[in-house]
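In the two complexes that follow, subunit A is the common piece, with subunit B as its partner first and subunit C second.
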Partner chain A sequence: MNTEQLLQRDSFIELNARSRASALLDAGSMRELIGPFDRVTSPWLALQGVVTQSDDGVVVAKGTCDGQPTVVLAIEGAFQGGSLGEVGGAKIAGALELAAQDNRDGVPTRAVILFETGGVRLQEANLGLAAIAEIHSAIVDLRRYQPVIGITAGTVGCFGGMSIAAALCSYLIVTREARLGLNGPAVIEQEAGIAEYDSRDKPFIWSFTGGEQRYRSGLVDAYVEDDAMQIRNMVCELFQRGMPEQNRSDMVQGFLARLIEVDASIQATPELIRTIYQKGFAS
Partner chain B sequence: MEKIFYEYPAGSPAKARALTGVVGSGDLEVLLEPHTAGLTTIAVNTSVDGMGQVWAALLTRIFAMSSLPAAKIEINDFGATPGVVRMRIEQAFEELQFASTK
Partner chain C sequence: MSAAMSSAMSSANKQSRGAVWFSRLTGEATPIAGYPASVLVADADLAGKRARYIAVVPDPDNRFPRARDGEVGLVEGWQLARAVQELMAADRGSKTKTPIVAVIDVTSQAYGRREEGFGIHQALAGAAGAYAEARLAGHPVIGLIVGKAMSGAFLAHGYQANRLIAIRDPEVMVHAMGKASAARITMRSVDALESLASTIPPMAYDIESYASLGLLWRCLQVAQPDAPSAADIDTVESSLHAALEDILADNSRDLTSRLGAEHRQASSKVRDMLRIQWRASQP
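Right after this comes the complex of A and B.
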């Protein structure tokens, strides 16, 4: 991106969850469900001395994208690290379930999920995990009718149980700032040791879990600039492409075949991972 | 976490609702709704304890020295500085003007 482009672009990462949702929907079409003034907030955070947010960090935005009925589920990464608790998780799962029901009733509602999350909200423990499991099954349900598109723009990234939700999506879009992984860097360092994984070494972290590496390794479908218009256009393009021939989560044999090629006795490098994963996962 | 409540005299009821900010580090969320004429109520939930006097001084400066529309305001604060608090409240009233002229 040159200076001219940089000045003209409209950064997606700098937008909050509500503005991100609005940027993806047709102008003037967005209406919010269970919005902030409905005050359906986490009943657990205040009990633990944590300030709640009026929408529990999840925006459910209904509208049209390219004229088609679409629901955007945007997680606010700035609130509690985008963590998913009982309420926020139920909002996402419920909206996806309603979208699937719409399709069964003949309304072709599609869904876009904006993953900006560290995963489950530890203060809500099992309730958050249960909600994430419901999100997983709702994505698998909906993707039988319409593509479910996941976007991780950054800067929080997408980790934990929600990274599994991302992997279940029909298509995934990332930017260079995004990171995608099951465990966050600090957790890997704690378990594997600093010699293997230094969580403070940002270039190292991004070289393994960053958006570009994930794209070059074939683990996501689109790699875009941090530009609202470009991301919106990519969403439209992927919806037009229709359902993938095979969902990534169904390529179990292909993934196992690639993983067997990894020699765990030597320290992996980003280049090595790309070389192995670029052989593909179709099975 | 501390909950503090304030009341200030105000003008006629606010014409719309407005939301600004997020409950993120150094930021706050302001929810503004119409209230009956003449009174503005402000409920502050803040992650920082013991700052009641600072809140009172700041809110008095904003609300006691002007005739803003009557509003029921909820503030969910995550360690915002007084400058950021003031900016978010003013932003909420500004969006109100924008919404009522639409």
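Right after this comes the complex of A and C.
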């Protein structure tokens, strides 16, 4: 990228959750539901002396995208690491449930989820986990009617139970700064030791879970620049494509066939993963 | 239980709780061939009808070294998905849908480099997605928690059930993360974490606190959770039967039956507010 291109670019990563949502919706169409002035905050953080945020780190933005009814669920990575507690989790699950109900009632509402999250908020542990199970359920319900598009732009990335949610989406968009994985690096190091996973070795972490690697190994659908317009265009393109022939999470035979080819007695490398997974998962 | 018996049971080849309950509940039925040693699948009787029982159990010879202690790993995730998907396919043309009983005793998801690299998040999405699809398609799904139900492993195996039943026992535990890792991530000592957990119900590790969140349909008292007596099996089978009747009498196929508990009021409040604001924002 030359200097001129860089100056023309409108970084998506530098936007907060609310601005990201707004950038994806048609100009002037966005209405925020349970916004900060409704002051629905976490009932659990305050009990632990942790400062709450008036939107609990989740923005529910309803509007249109390409003229079609769309809800954007944007997680704010800057609040508590984008972690999901009871309120934020219920905002996402509840909005997806209403979008699915819209479709049953003849309104073709679609959803985009902006994943910038470490997963469960440990201060609300079991209520975060329960909400994430409900988010999984609602994505699977809604994706029967409309594509559900996930975006992980960075820099927090997408981990924990929310990485499972991302993997349930019809389509997933990532940037180079994104990371996508089940277990956070510090947790793997804690559970399996530093020889297995060195959480401070950033190039190592990105080489396995970074956006480019995930794209090259077929675990996401689109790899885009950190540019709001490019991301918006990709969202429109994927909505126009309609529902995938098969959801990635349903490609059981394909993934099992690839895993048989893995020699699990040796440690994995990014190259090995690409070589095996580039054969694809369609059955 | 005699001292000799309990010492014999703690020996290396002791069956996991999940394996014990799976084998007692499926009785004479032989596990279906073609699954790895870590995933048990059998079609057996439930209240006079056929049901599919599924469990994840330890396999010390698992070819993935980080998935040998009953963790849900790459292969386990996709095989759980297969066990559910194949049942759905077999019942596709039928109005009656075979019930599924997930026997839950899962220590955690597998933590490792191979797991992250080959996309364990996608494997767990395969399993969670299949269970959710089965439930939405009308298969009654019951989750029976007989041991640990931890984090991503629980999300993949059981958390999508229409009804959750747990055994009331100190070894039975639902949580988002083990104590050592949770302490590290929240920058607390394990002592501080435990002391908070005793006053904040969603953070607690015991099943009574979990029950207070309203996520369980029933919590059962049995005499010998490690080696169930005939009476214990009878207690659990009666409850499975009652859960099945309750699901069949319920028109909803979603997870709304989990809402309403005193310690989960915000989850309902957020949904109520969303519903009102959603309608008001409808173009």
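By our rule, the second predicted complex is superposed on the first by the 283 of 283 C-alpha atoms of A that agree within 3 Å, B and C clash if a C-alpha of one lies under 4 Å from a C-alpha of the other, contacts with A are read in each partner's own complex, and residues count from 1 in each chain.
By our rule, contacts are C-beta pairs under 8 Å (C-beta built on N, C-alpha and C of every residue); 3 or more make two chains touch, one makes a residue touch a chain.
Predicted, not measured: the structure shown is a model, and the values here were computed from it.
Shared-chain residue A:267: touches subunit C; no touch with subunit B. In the superposed pair of complexes, A:36 makes contact with subunit B only, with no contact to subunit C.
Of the two partner chains, subunit B is the only one that A:16 touches; subunit C does not reach it. In the superposition on chain A, contact of A:46 is made with subunit B only, not with subunit C. Counting the residues of subunit A that each partner touches, subunit B and subunit C differ, and the larger count belongs to C. Of the two partner chains placed around the shared chain by superposition, subunit B is the only one that A:79 touches, whereas subunit C remains out of contact. In the superposition on chain A, A:54 makes contact with subunit B only, not with subunit C. Shared contact residues on subunit A (touching subunit B in one structure, subunit C in the other): none found.
Residues 1, 17, 19, 22-25, 27, 29, 31, 33, 45-47, 74, 76-78 of subunit B are the ones touching subunit A in the complex. Against subunit C, in their complex, subunit A makes its touches with residues 31, 33-34, 38, 40, 42-44, 47-48, 60, 62, 64, 69, 86-87, 89-91, 94-95, 97-98, 107, 118-120, 122-134, 136-137, 140-141, 144, 160-161, 163-168, 180-184, 186-188, 190-192, 196-197, 208-209, 214, 217, 219, 247-253, 255-256, 259, 262, 264-265, 267-270, 273, 277. Taken in their complex, subunit C has these residues touching subunit A: 63-66, 74-75, 78-79, 81-82, 85, 108-109, 111-126, 128-130, 132-133, 135-136, 151-152, 154-156, 159-160, 174-178, 180-182, 184-186, 196, 199-204, 209-210, 213, 215, 254-255, 258, 263-267, 269-271, 273-275, 277-278, 281-283.
Residues 16-17, 36-37, 46, 49-54, 57, 76, 78-80 of subunit A are the ones that touch subunit B when the two sit in their complex.
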